[in-house]
Each structure stands twice: as structure tokens, then as C-alpha cells.
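Quick one: the structure is below, and I'll ask about it shortly.
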Amino acid sequence: MANLVSRQQFTIKWAYCDPAGIVFNSRFFEFFDWGTWILFERALGVRPPDLGATFGILGIPLVDASARFLAPARFGDVVEMSSQVKEFRRSSFDVEHRLIVRGALAVEGHETRVWAARDALDSSLIKSQPIPDKVIARLQGK
Amino acid sequence: MANLVSRQQFTIKWAYCDPAGIVFNSRFFEFFDWGTWILFERALGVRPPDLGATFGILGIPLVDASARFLAPARFGDVVEMSSQVKEFRRSSFDVEHRLIVRGALAVEGHETRVWAARDALDSSLIKSQPIPDKVIARLQGK
Amino acid sequence: MANLVSRQQFTIKWAYCDPAGIVFNSRFFEFFDWGTWILFERALGVRPPDLGATFGILGIPLVDASARFLAPARFGDVVEMSSQVKEFRRSSFDVEHRLIVRGALAVEGHETRVWAARDALDSSLIKSQPIPDKVIARLQGK
Amino acid sequence: MANLVSRQQFTIKWAYCDPAGIVFNSRFFEFFDWGTWILFERALGVRPPDLGATFGILGIPLVDASARFLAPARFGDVVEMSSQVKEFRRSSFDVEHRLIVRGALAVEGHETRVWAARDALDSSLIKSQPIPDKVIARLQGK
């Protein structure tokens, strides 16, 4: 089975670019975040703002993020971003984002996120929770 | 003649929203900026990064911006933004942006921008320049 | 009586600047927002995150914002921002922000904000409320 | 010899925080970027916008960035950030940023950057260059 891959296309705006004329690095982490939300929407059929209520979680907070910058993206460039979950663990998972610009891989990103809910005994605590099998299956394209 | 109106649709991302759960105000000014670039692209048939070279200008810098916030936009909301030039002066112009969310006007923005080029006698200076008639005609839908 | 004027100094970061080498306009609206929070902290002696609970309000949401851009601010520039309330109405008020760069007024901003709380009869509604006299007096330097 | 450690303190603004009430992840990469500029300013005595001209380089572009998020930072939190170069290679180097919030390590970041200049033979190309010994010595606290 192949993982579900969510693809998006968008254009680099002036506001994203720095004095070197290229996208400032922090913007890519906004793109990754959005990539994950859309991946989950496509896998689960749940709109992003409804994800928490649908699955009884607070969200999927980020605990680790990284990016490799291989080539710059410039104002007006069209970006093709593909996002997929590369690994599931009991209560966390890794998402990979690949951004193609002008036909070549420009940025590769990784996020580690947690399936998080309020603790059953102490609602002031947030705890990681086992990811439902159904969620995993859908993201694995099953 | 009716002004050319450029319409765009986009979705509110998590990264745009603040602890009140609504889009933080500064993001709307990013949207307005993008609205103006796309309006000019549609009117003139010139990609945003090529606008300067095509018309021999440095750009269309902003000298005044304002927004009225009538209703909040939230994570996942779909925004319909329409942008048009409302008035041309010799070397400056006013763009209006209207953002519809959930069927109602949520934000109204105005930008005043200048048609700016390097000074012919002293290239270290940036000066406003008369806007070409062709540019005005296209944005006026002629 | 002179209004309380809150002054801050900060340096323009690379991340704030666009391909023209100057601060992108939306960043100034972040600065204005921060200017208002600090003004209220200095006037009222309440840390920004405690403002709502201290006064029984949800916050001071923005309903109108504008800026005039008179001169650019560049990477490394030191900005002197001064913020004050220019007018109080029953439940709303206007804040003015002036940003001095290299000895000259570079940006002038205005915000209109509302003193907002949950409606006493229907807590799902947010309504403007009369601004307490004490709050007004402190911001007027009394 | 101990590496030069550059320390900064700043307060978390409303604009940095997301609907979960915590700093959105991309903002930390803005903080890291600023941490590196200030580290170099303190080590080399060169203002950030003058770094390129002083050393005949285009800049120190980022090729890799990562962050671990251990604890959230919230509106009004005071952050203590310390930045240092952890390793130098011939033409690239690794910067570590540690952010302390409420007495505990909240975020740890790493950047890999390149000492980059225009190619001597083809100025349209950007190439990594050997980092001057003096620069390395200063950042190593020698």
C-alpha cells in the first residue's frame, strides 16, 4: 500500500520574500503546517477546524520540525508541495513535505507531531494518545 | 465602463490566526498586497515579478494602507477577495479590497500606491512617475 | 493633562524586510499592536496577558487600522515608536503610533479598538462595553 | 576556549501566538535568524546590514534548520535565548539556539549556514567560500 500523498500548488508572494529576493525560511514552516492540515483533511474527510472535535483531541501539536533548503524560491515561483506521513508510532507520527520549484526539489521538510488530548483524570494536562487505527489506515492509503 | 475586478478565493490557515481564534490583523495587509499584484497581472498580462522590467519602474510602493474589520475570519473559513482600482491620479492610485466571509463583508481594505521609478538625472533617487494611459485603461476595463 | 505616551525602541530584523530591502507593510501593524499592549501595560500596571481577566473583558479588538508610510525602514535600522490614545469614546478609542527612523517620522499608524466583553444575557455574544473611567484617566496621564 | 555565547531577552507578542494560545512554530525560526545576526554582530563588531560588505560576501544563507519544541511559549512570556556556533567546517557552520521560558528549556534550534560569495569567474553564481580564520576565532571566543 502506498501512503496517501496530498499535493498542493501555490505561488510565492512578495510578502514571503526577504532582501535576498528569496522566500524567508520561516515561511516554509507555515507551508509545512498547512500541508499537514490538508493531508489530514483529504485522508479523513474532516475540515481542519473540525479535526479536534471529530476525534476527541486537542490537536496534533508539533514537537519537532526541520527543513533542508536546496534551492531558493522566488517571488512569483509556482511551488508544488507534496505531503505524506512517513512513519506512525503509537501516539506520534512524522510528516514529510517536498517542495518542487522550477522542476527541482527546492525544500524538504519534516515534522513530528503528537496525537494529543486532555488527560482523562486531570483535564488541565495534555497527553499524547494512541492514534486510532482508522486514522493510520486512511493516511496509509488503505 | 466598469473597473476590472480581480477575484480570488483562499482558505484561512492556522498560522494566520491569533489566540482569539481569528485572523490577526496584519495578515489582511498581506492579502491586500497579493490582491493588488494579481489585479495588475490580470489587467496587464504581466507576471508580478516582471512588472517592473516591463514598465521601466521599480515597482508600485505603498504609501497608505487601511482596513476596517467588520467581522472575524476564522481557521478554515473561505475568503472571497475582490480587488479593483477605485481612483487614478497622475502618479498614484487607490486600490480597494473587499473580503467576503460566510456571505458577509468581513474586511474592507484600501491601499494608495505610487508608480515609482529611478530618477532620470540621479538614479539614487526614486520618484513617482506618470502612470501610462494604457495601464489606466486596462485597469478601468477598457 | 498630557496623554500618557509609551515609547519603545527596537531594531529592524532581516525577517521583516522584503525584496525591496525595506520592511514589508504588514509588519508595521504587528508593531502597532504591540505598541498598544505596552501602552496599556504602562498605564494600568497590568501585564498584557492579564488585561482581560483584570477588567472582566475579552480584550480590546481592533475594528479599524491605518498607516501612512513616509519613509522606508531597512534591515538594522533602529525604530523609536511612541504610542498614545488620542481619543476616547464611550466604548471605543483611537491609538496613534509614530515611528521615527533616522531622525524622521517614517510611519504613522492609527488603530481604533473596542472595549469588549461577553454579553451579560447571552455569553455567546461579544459586545462593546463602557470603558472604565479609571482606565481612561490613566491613559490620559491623570 | 569557550565559544562566544550571545544572549538576548524578549517578550512573546500577541501576534506570535496561534489559536492554541502558544507561539506558532514558524516564529521560532525568525528568532533563530535574529539570534545568528546578533551573535555575529557581537563577535565581529559589525552591524548586521554591513556584514556582507565588510567580509566581501553575499551573506550567510541557511541550508538547514531544525527545532525541537519541548514546552510552549505563551503571550507575555519572557524568553531568554542563547546562541552560539557549535561547529565550523571549511565553508559552513552550525549555530545552536536555546530558548529558556519560565526557567526551563522550551525550544532548541539548529541552523546550518554557508559563508557565501559571488563566484570570482562567474558573478552570476553564488559559491561557498572558506570562512576567514579571524571570524572563526572570534566566534570561538579567542
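Couple of notes before you dig in:
Letters A, B, C and D mark the chains as written, and numbering starts fresh at 1 in each.
By definition in this document, a contact is a pair of C-beta atoms (placed from the backbone, for glycine too) under 8 Å apart; a residue touches a chain by one contact, two chains touch by 3 or more.
On a predicted model such as this, the values are computed, not experimentally measured, just so you know.
Any chain that touches chain A and also touches chain C is listed here: B, D. Residue numbering at the chain C/chain D interface overlaps substantially, since over half of the positions present are found in both copies. Between the Cα centres of chain B and chain D there is a gap of 34 Å. Centroids of chain C and chain D (each the mean of its C-alpha atoms) stand 29 Å apart. Centre-to-centre spacing of chain A and chain D amounts to 24 Å, using the average Cα coordinate of each chain. Listed for chain A are residues 14-15, 20, 24, 26, 30, 33, 75, each touching two or more other chains.
Contact residues on chain A toward chain B in their complex (touch as defined above): 13-15, 30, 33-34, 37, 47-50, 74-76. If you check the complex, the residues on chain D that touch chain B are 14-15, 17-21, 24, 26, 75. Against chain B, in their complex, chain C makes its touches with residues 20, 24-27, 29-30, 33, 58-59, 61-70.
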